[in-house]
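Contents: one structure, followed by commentary.
Letters A, B, C and D mark the chains as written, and numbering starts fresh at 1 in each.
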Amino acid sequence: MGVFSRRGLLLAGGGAASLLGLPATARAQSAITLKIGLVVPLSGPSARWGGFASHGAELAMKQINAAGGVGGKPIELLKGDSQGTPVEAVSAARRLISQDGVNVILGDIASSATIALQPVVEEAKVVLLNGASSNPDITYKAGVGGFKYTFRSYPTDELRARVILQYAAEKRGITKYAVLSVDNDYGRGAIAFSKKYLPEFKATILSEDYYKDDETDFRPVLSRIKSLGAQSILMYGLPDTTRLIVRQMLELGLAGKVTLAGNGEFTYPDTIKVAPSVLNGAIEAAAWSPDLASPRSQKFVADYKAAYGTEVPNVHSYTHWEALYLLAAAAKAATGTGPEALRTALEQVDYAGATGRVHFDSHHQAELPMIIYEVEGGKAIEKGAFTAKVNYPT
Amino acid sequence: MPAESGTLDIQALRAGYGPLEIIRSLDLKVEAGEFVALMGPNGAGKSTLLKSIFGMATVTDGRIGWEGQDLRGRKPGHILRAGIAYVPQGRCNFPQMSVDENLDMATYAAPKGVGKAERDYVFDLFPILRERRRMPAGYLSGGEQQMLEMGMAMLLRPRLLLIDEPSVGLSPQTIQKVFAEMIRINQAGCTILLVEQNTRKAMEVASRAAVLRLGQVIWTGPPSAISFAELGEIFMTGRLPGAPDETRGQP
Amino acid sequence: MLTDVAVNGITAGSVYALVAVGMTIIFGVLRAINFAHGEYYMLGTFGAWWAIETVELPYLVSIPAAVVIVGVIAFAIGVLVMRRLIDAPFQIGVVATLGVSLVLQNVVILVFGGSYKMFDGGWIEPVDIFGAGVSQQRIIIVIAALVIFGGLELMVRRTRFGKTMRAVAQNIEACKIMGVDVPRVVTGTFVLGCCLAALSGALTAPVTGSLYGGMGTAITVKTFAIIVMGGVGNVGGTLLAAWLLGLMESAVAGYLGLQFRDAVAFVALIAVLTVMPGGLFSRRERF
Amino acid sequence: MGSDMRLRIGGFAGFLALLLVAPAFLGEYQVHALIVSLTFLLPALGLNLILGYAGMLSFAQMAFFGIGAYVSALMAMRWGTPFWLNFLAAGVVAGVVALPLGIPALRLRKYSFVMCTLGFAVIAQTLAKNWVSVTRGDLGLSNVPRPMLGLWSGGIEIRGITSYYYLALGLSVIAVLAFLAIVSSPAGRYMIAIREDETLAASVGAPTWRYRMAAFVLSGVFAGCGGSFYVHYYTVISPTIFDPYYGNTLLVIVLGGGVGTLGGVVAGSFIFVALSEVLRVAPDIRMIAYGLLLIVVVFGCPEGLLPLLMRKLRRPTHAT
């Protein structure tokens, strides 16, 4: 990781706002018609993630089209079910590309599915925009790394892992961790990155546990963590499971003794409500949070809740929602109408999203900030946004 | 059709399992109090005939007359209540339930269950069952289990008892006992229709034999009217020795 | 730590036991592996959640509501699907119940949306037991498991329906000959088994906290291991096997690491079957 | 019998001819769907062997598929070995792994065996997740090289979808021939005898356990080889390969197509993959419709789709 810069939190993107506000015909001359294929799990156990993503993308489509679409032409959004598996994801994408003629594939959430999509879109010359997968290989191998049509508008877990350790060490003096993360590429990957930066902050890991995404009983592990005397649980986990874990921490009397650090919606009001005494002091690095002060983000949360009853958007809702605006911005700026034009436009895009400026590096990885939150007195407090360049293996 | 108590009158019966037809236009009449042994080679349709009567095979055509009503299309529960019981081939009890519980299950079809009198009737028929009443059926010997099954069938005081191969897997002495019990049951007034592979034994006890071949009754008459050799000939060729081709009716 | 392991093991095992016993009695009468069993657990959770969120019933009332809802659904599936499995070869049961599982899971996703929901309700305040903290809800689950197993044991031994269930499990042909309405017994047992899974779902929802359409799959798989270890069709054995698995998992998760926990059930299963092919507890005492 | 045999051979030849020319008339997506069918065909043939011919339902099939995929990917990535070698090695390793599992498991009764093999898949997944130094754990192995059709190194690289298709088709034809050779060998006939009546087969001296074992190991070989093709086509392998999704798809193909028949399994691979693809027109209700179809199919033709079709085809010839 290269330059590590701290800066103030970016507020609402002026670019995006103007994009919405402008009369639809004003820049219509060369806009690409966007036909987007959303490939996410819509059935089976993984549908719990795909549900948020498709809600977010559908909301953006409706909003953009209501505002006149892109250059006067509406965005089309077609869904394909991947069930979170490579086989289904590739089948869905192939159908969307060759039957429906989409020019963008948005997805998947599962990294293995996204990786399987990369060669497919490359061959078909269709842009693949990913807003949720965390496997570093996806952009190590993209852009100058090989796959010219793959883009990821989601911050890397390497950045996340580092900022958490740094904040915890510098601001809170935490150096003794127990790992409890989800047993998938996201949880395991984030911990692997954390291990890389542990020496820098003189931190150690006392124990390491990974849970299945349908795990419901954490009591044995929490009992052990309690007896080990860890200061903090380093957790890269699933939001719904986080709530379960904090409940069980409360049961076992860990409140006030061990804090949470990492990511997994620790700082969402709904989570804090479950066990405020456990979550006091919890530190989270988030790509986005519904608490984000940015007006653009606040409006998104309000619109989303209005559209889907009481459902609170999660980070996938946000990234897939924002992805459509990002694509719209690129499509407008494109010179020409072919796949090459859209790809080039994305490479050059300079877009102001709710969390900050989106710009893709040479590996088509968006440079996005991580926002640090800390729970103080039952409320999540923004502690700043951090960005850094990724150092790619050569 | 006169409603005669204990009379079974099967006419032009066609039956089998699903699309497979085994009984092909079969006629058979059994009078009250008779002890009829069904004989014939494997696959002749003997067991299927019993199952058809008891509502456990697919009957496609014909009539199963019983005391004036047609049993065709009826379920076993109804047939039991109509006074017919069935002891199938192979084990037909609940091995992990006690003898008492087995007898309880046997009264499932009775409208109000069965009282002490019926139970005592069965225990008097088969005294060994009284001694073993708390023992799981699976612990009984093969002969005792056969008796339990006959006892279960007799519990509802049937007027017609269908028995399929009671001697399979039993020792000669036990076979002797089982057959003696059947004769006693028959003498007590219960009509019996027996399928038995042990032809010699069956001919000893039955009052009438009926020979089946390819799903039809091809000969019937008292066991004394047919010799063993002749029986074998029928099994093989479907004809009585010396008889013309179309021999198939009643004598 | 040892107390923790024991307390955790028993509470987790009781949850498994409630789901598994339903599967084991269904297996007993049908000789069919029910791949959709976890879905009834899921439906029970959703039923309780729906009753609380939409009808605004209190949690205590939402439990019987969930059981009744699932009972009705199970009755329909029992009549339409499960009855047809009585005389069918076992492969038919595999595909049919897989189909049922797909339908139930994805209808729930279609109706309620794919994203997970949070469950509010129950009593999750911790209580101290020998130095280990346990929520009240877990104590309720353990008590419920004991009461239900006691009740089931009484039912299968003493009642006419219970005896008939055992009879169907032991010799289905004999039952037909005795005039037993086998389809009705099968449907009844199926509904009972599904209601037990639903009850478990509603009871554990407060401690699992979240719910989503696909949550049943994992339960189904683990339940398989328990019913085989307990001796298929053995009610008492199921409870013991479930507790034993709960304890083993708890020990492995506590001393080795959570990531090895799911393999425990199956390593134990394979080990048990290598030594005792009939399961840990006698198969003779079916039910 | 003779006309039946001719019908079968004719049917297969016609079907193969159709498959050979298919890409000329189909779009990339449809060709891809055919590749998916062929990808499932290999493990399905293996499942058919153990289930249809030895009468044991195995869930280990997808574990063998995954093991084969990992072996093939690792060989290609670490040593740059050619595809044919990876393919064979995947089959051999999967078969070898099947052996120690079969020793305890094949002594068990039907249902216990089902659970045991299911357990094996869970254990294989745990291993894939935790043996990070080899499998990279959950990150999985990505950018697995495309198949190299050379004698040792270099050679032709399979790239476009049509080339993949013909590779898959070629491998499938070999697999089908191998399957035919196995089931028509004396060992295959023993397997059928065991399936029909185990006690009888044992009483006439057929070493039932040994033939079951052979069927189980061979089922592993088929699955392992299938995994090898899979990984070189999708270029990614992660522990999710051991999830129930794949195993369930296989079961549906074999049981829905016609268990214990070769044609049924071949037809099942195409019919059920096609069905799941056709239903993509309605993504929201796709899996509901698929589930309902499974129920209808399984009760409508319990012995599988192909036997039913064959009967429908044959009936008119009988009538004349």
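Criterion: a residue touches a chain if its C-beta (ideal position, glycine included) is under 8 Å from a C-beta of that chain, and two chains touch if they have at least 3 such contacts.
Everything numeric in this text was worked out from a predicted model, so none of it was measured.
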Item checked: Partner chains shared by chain A and chain D (touch criterion as defined above) -> C
Next item on the list: With centres defined as the mean of C-alpha atoms, identify the chain lying farthest from chain B.
Entry: A
Next item on the list: Check C-D against B-C and say which one is joined by more contacting C-beta pairs.
Entry: C-D
Margin query: I'd like to verify one number: the distance from the centre of chain C to the centre of chain D, where each centre is the average of its C-alpha atoms, in whole angstrom.
Written below: 32
Item checked: Rounded Å distance between chain A and chain B, as computed from the means of their C-alpha atoms -> 75
Note to self: Report the inter-centroid distance (CA atoms only) between chain B and chain C in whole Å.
What the structure shows: 43
Item checked: Euclidean distance of C-alpha centroids - chain B vs chain D, Å -> 49
Notebook entry, point to check: Which residues does chain C have that touch at least 2 chains other than itself?
Noted result: 102, 105-106, 217, 259, 262
Note to self: Residues of chain B that contact two or more other chains, please.
What the structure shows: none
Note to self: Quick check on chain A: which residues sit in contact with 2+ other chains?
What the structure shows: 42-44, 183, 210
Check: What are all the touching pairs of chains?
Finding: A-C, A-D, B-C, C-D
Item checked: Contacting residues of chain D [partner chain C, same complex] -> 51, 57, 104-105, 107-112, 114-116, 118-120, 122-123, 126, 129-130, 244, 248, 251-252, 255-256, 259, 284-285, 287-288, 290-295, 297-299, 302
Next item on the list: Please give the residue numbers of chain B that touch chain C in the complex, ascending.
Entry: 54, 56, 75-81, 86, 88, 91-97, 101, 104-106, 108-109, 138, 152
Item checked: Residues of chain C that touch chain A when the two form their complex -> 1, 4-5, 7-8, 11-12, 102, 105-106, 109, 113-116, 118, 124, 126, 132-135, 204, 207-210, 212-215, 217-218, 249-255, 257-259, 261-262
Next item on the list: Provide the residue numbers of chain C that touch chain B in the complex, in ascending order.
Entry: 163-164, 166-167, 170-171, 173-181, 284-286
Notebook entry, point to check: Tell me, which parts of chain A touch chain D in their complex?
Noted result: 42-44, 79-81, 83-88, 90-92, 94-95, 97-99, 110-112, 115-116, 118-119, 123-124, 135-137, 141, 183-185, 187-189, 192, 210
